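In what follows, structures are represented as structure tokens.
You will see two complexes here that share chain A, one where it goes with chain B and one where it goes with chain C.
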Partner chain A sequence: MKRLTKPLLQFAPLLLFIGVLLFFGCQSPRFLEVRNLINIIVQASSTGIVAIGMTFVLLTAGVDLSVGAIMFVAAAVAGKLAVSGRSMFLILPVMVSVGLCVGAFNAFFITRLRVVAFIVTLATLFIGRGLGLRITETRAMNLPDSFLMIGSFRWLSVPLPAWILAGLLLIAHLILTRTPFGRQIFAVGADAEMARKAGVRTKTILAGVYLVSGVCAAIAAMVSLGQLGAVSPKFGEQKEFAAIAAAVLGGTSLFGGRGNVFPGTLLGALLIQSIENGLVVMNANPYIYPMATSAVIFTAVVMESLRNRVRRSSAAVL
Partner chain B sequence: MTVSSAASVESSSVALLRRLFLSNYLVLVLTVLFFISLAPFTPGFASANNLLGILAYLLPLFIAAIGLTAVMITGGIDLSVTSIIALTSVVGARIMTADGSGGSAAFGLCAMIGLGVALGAMNGLTVTVLRLPAFIVTLVSMMFLSGFAIWLTQSKNIDQLPQAFLQLGKHLPFALTITAVPGIAVHLLLRKTVFGRWLYAIGQNATTAHISGIPTRLITFAAYVLSGFCAALASVLLTGRLETASPVLGREILLDIIGATVIGGTSLFGGRGTIVGTFFGVLFLTVLDNALNLLNLSQFSITITKGSVILFAAVLDTMRQRIARQTV
Partner chain C sequence: MSTPLVQFSGITKSYFGVEVLKNISFTLPAGSMTGLVGENGAGKSTLMNILGGNVAVDSGSILLNGKTFVPSTPQESAEHGIAFIHQELNLFPNLTIAENLFLTRFPRATGSPFIDRQTIHRRTSELLAEIGLDVSPQRLVETLSAGERQLVEIAKALSMDARLIIFDEPTTSLSIRETDRLFALISRLRERKLTMIYISHALTDVLRLCDRIVVLRDGEIAGSGRADEFTTERLVTLMVGRTMNQLFPTRSGKPTNQTLLEVSGLTQPDVLRNISFTLKRGEVLGLSGLMGAGRTELARILFGLDPCASGTVALEGKSLNRLSPRQLIQRGFAFLTENRRSEGLCMDASVADNLALTTLTEHGRTTVRWLSNESGRKAMQRIRGVVRLDPKASDNQAVRTLSGGNQQKVVLGKWLLIRPRVFILDEPTRGIDVGAKYEIYRLIYELADQGAGIFVISSEMEELMGLCDRILVMKAGELVDELPREEFDRERILRGALGGTVFQERSS
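For the complex of A and B:
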């Protein structure tokens, strides 16, 4: 029995993902068409990008609740600039700098003043939302068509958002697995005090992950703008929860030190999106989307915790 | 001689400031200072009517924050409070409007409380038996329950609730009693009973608490049940005040509840927090919110100010903790 459950639990998120694909595939043949699968990736891209940054933060045992607000501020600034006729070559770097600035603001309070990340980023959420409302004057703002290019441009018949997601995933994966910065993130998350004694500059590492998260949120805002073509006062709202859910689904621990962006976070983001997409394809009642999504997230988290328990108990035997 | 006396005067005033800074009443002092300094410039701020308004606004927030405080003392968090508020509101309203008979108000009320307790128990069981992180458990139940409430009502509000029920939230003495009784009870529970001491012990170090024989799972479970119960009471007050049951009831106050609890000195890492502190935190946020509204500031200024104040309070609290530790 144990021999059977152990490998099953080992690949819990992947198995769940395959299960969801098979389930919706049986319900509607359209679901498994290549076009729809690409569609799922494209729809998941903005959440996926935010979740990449969130994974960095979660790995240090922190949390960033301000990502949705960062997206809103970056999009609002972009909208303002675009409406006044500025070119994309100015707007995109400005968006990234907005992300960097808010990330630096978070990092300052967390590393210098040593305030808990949860509260700092909660406050930034309020401040960012307020700023965004101020910039957009609480109105929806339509963007020029040049922005929609980001969403619709295709290369090898795959839309740009999917490429951006793939590129960022590759970079993030390499940073986490192949660089000292990456290894030190894991060290800080596993035991900050130990890492500090071993000579890791914990404050620099912590500041780094909030900057990464800010930049990822800004890039996600670009992708989202390219898909929606407009900034509404609700832009990016509740994105923080979707991103945390995606990262945790992919096996990243909320207590730090354990997790990965590839395949983990990617699978998490795709899993959430394919449930929603599948329900749309099935013509299900839209009101059941959040219930179905949360039920699957719950299943994945339970499987993940069982897997850790099996791992721990087998380690104890050894 | 003169030099030393000047120094002693200075050191005593520093000591006084230090005592004030470290005191549990700092948030209350700040609230009063804020109120006094704004009252002359804000028309109607100090009027009896407005003060009663502040009180009515504060009660549901405070009730929900009582349960959250207990959960946070154990080192957990409950993100699902506002979803429980919404779901109990619409389920209660469904039952009360199902038939026009007079007895349904009492039945609906019991159903709301029972549902709140059951949902809290569900959170508690998942956290303690499956040993999942509270953040994720209550995040998922937040998503699920609010989705369920919206589905149940097809995102419509439910009106025409029985007067007897609405009075519980609208009539201030009733609302005050509903809030004060659990407030005082939980305060005594935390201060005077073994249960309270166990809660703090679990929050400080769950493993040590477990080894020293504290039924950690049972106590943690009880904290979530209490949170569900408090959320249901908050739902009664909110539904009564708005005279309508809504599937998105309280959605915008989740962060206020958490913010107020933390401003009141409850630690996110557990082991620290009081009901009195939480009351001050809620009072502070409510007075601030009210003043900003009266000053006719736009929505974005209110949001920005609220965020800054939460941040400021957190920085202050962190500094206080550090100074207090150095003093010890």
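For the complex of A and C:
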């Protein structure tokens, strides 16, 4: 039984994903068409990008609730600049800087003042949303067509957002598995105190993951802007929960030290998006969407706690 | 003769006004292996914590290679080539062996941001070959057995060019085969002239492995010299030989013959094996044993905190199996845990709130259980007097600000409020000054005289011998001996607790 449970949980994201594809594939043949599948990837890209940054944070046993707000602030600043006629080449770096600044703000309170990440980033969430509303004066703002290029430009008939997602996944995967920074993230997540005693500069590592998360959120904002073409007061709202759900569905532990962006977080993001997409293709009642999504998040959390239990019991056998 | 690697001179350290190390002086010759033995609480850990940079000395000095050495952090100590092989290992289970070894100094190919995996795997393979562990450097540490992890720790020490390796009870979680493998490795390390300290309760191992032995007792050196001058019997005598100087209150009552609690056949794989005993009304029953013998685990199972595979517990003939701590408290169980800071008290809550915890519902009024401050306060004032809590400590003061003794009195008071019938106390006087100890012993006797059964776990032998009516001895999850008051014998208890390691040679 235990021999079966362990790999089953390990491959649960993949199995769930395949299950969802088959289910919606049976419901509607259009769902499995290549065009729709690419569509799912493109729609999942902004959540996926935020979730990459979130995975870094979760690996250290922290959490970043401010990512949706970072997206909003970055987009609001971009909208303001675009409306006043600035070029994309100025706006995009400014957006990244916004992500870095908010990330640095989080990092400062978490590492220097030792405030719990949950509280700090919850505060940043409200500050960020307030700031964004102030900048946009709570009005929706349309962006020039140049921005829509980010969403619609195609290379090898695949839209740019999917390429951005793929590129960031590759970079994040290499950082996490091949660099000292990445491996030390895992050490800090396993036991921060032990890592500190072993000589790991835990504060640098912690600060680093919140910066990564901030930058990822800013890039996700660019992609979202490219797809929507406008900033609304709801821009990026509740993205943090979709991102956490994607990472956890992909096998990243909320207690730190375990997880990966590829394939884990990618699968998680695709899974959430395919459910939404599938419901659309099925013409399901739109009121069902949030329920379906929350059912998925619930599944993710249950799986996470099951994984922990299995791990603990197998550790006890040693 | 060459300068010794380490020279301790006049090391003194006290906690809460209690001296745990008194003027300790000895040397570790370079290339020697020194065994360090002593009872629980004799000061071994404190001494090693000083060397490891976790604890600062009050006075005295350490010379390392002839130079004054005052480590203030564990890292500093590690940088000076001092490595610890602990019971609880310092490896990251979610990383590979190679990553654990090179975590803070990953080599990188020039100009590349990436770890040079080939190099760390090659060097890890070499180190693993050196310690005789035949596994891939890419294995995750969590997939290794306890013995293998320990070998990896040693490889880590070697990779950091350790000059002094301290083994702290390295064999307690190892199988016999793994132990033999460890000893073979230690012999090879000796040939390489590494200096080592070996701390263990397994005295035959110490005698077999070490060239020199230092015996600590009550923070003082009770004996030291070349290993061949010692026998296990002599070591045991040196470890325990001490006159009773603890003051205990006089006991007015006597245990009755009425069985209060009956425990039979408690078994939980890897924790307890077939534990059976009875606790009489009015009896103070002691439980002795080494750390890791399963004493606290037994207490936790009795109190319903941990599961138990088989066996029964009955209170006055009524089965208590599978009851939750809450239900047990309703039946008169109380459990003073060994760690009052993390398990016994809400440190930032007030004295009053802590005292009220167990009896909140009793002070309810009407059906909605509105808390009545009036009746609660009365009970609280009464109990403050009973435990003789420092009158200067106000009800609203945070428990954190009290002394250890007063904190423990708050825990006791909290439990006394439920009028316990079975009171389990795990290390009730740890870190408490002598005066407060006396008060706690007095309360234990008062409670026993009122007909409660008291179950005391302690690592301090003279506490058990001075306090209890009967002592059970536990070793590796089993009860191995039982002594009524007339037969109390320090050596017999220690022999039981050390068990096969003293008088039965390991088959090798």
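The rule is short, and it goes like this: the second predicted complex is superposed on the first by the 291 of 318 C-alpha atoms of A that agree within 3 Å, B and C clash if a C-alpha of one lies under 4 Å from a C-alpha of the other, contacts with A are read in each partner's own complex, and residues count from 1 in each chain.
Simple rule for what comes next: a contact is a pair of C-beta atoms (placed from the backbone, for glycine too) under 8 Å apart; a residue touches a chain by one contact, two chains touch by 3 or more.
It should be emphasised that the depicted structure is a prediction, and the values quoted were computed from it without experimental measurement.
When the two structures are aligned on the shared chain, A:Arg258 is found in touch with chain C, with no touch to chain B. In the superposed model, A:Val116 lies in contact with chain B only, and not with chain C. In the superposed pair of complexes, A:Phe298 makes contact with chain B only, with no contact to chain C. Once the two complexes are overlaid on the shared chain, A:Arg183 sits against chain C while remaining clear of chain B. Judged by the touch definition given at the top, the superposed model places A:Asp191 against chain C, while chain B stays out of reach. Looking at the superposition, the partner that touches the larger set of chain A residues, chain B or chain C, turns out to be B.
In the superposition on the C-alpha atoms of chain A, no part of chain A is touched by chain B in one complex and by chain C in the other. By the touch criterion stated above, chain A contacts chain B in their complex at residues 63, 109, 113-116, 118-120, 122-134, 138, 241, 244-245, 248, 254-255, 285, 287-291, 293-295, 297-298, 301-302, 305, 309. Those residues of chain C lying in contact with chain A across their complex are 74-75, 78, 90, 92-95, 99, 103-104, 106, 108, 113-115, 117, 142, 145-146, 270.
Interface of chain A with chain C (complex): residues 174, 178-180, 183-184, 186-187, 189-191, 194-195, 197-200, 257-258, 315-316, 318. Within the complex formed with chain A, the residues of chain B that make contact are 130-133, 135-137, 139-144, 146-148, 150-151, 154-155, 255, 258-259, 262, 268-269, 298-308, 310-311, 314-315, 318-319, 322.
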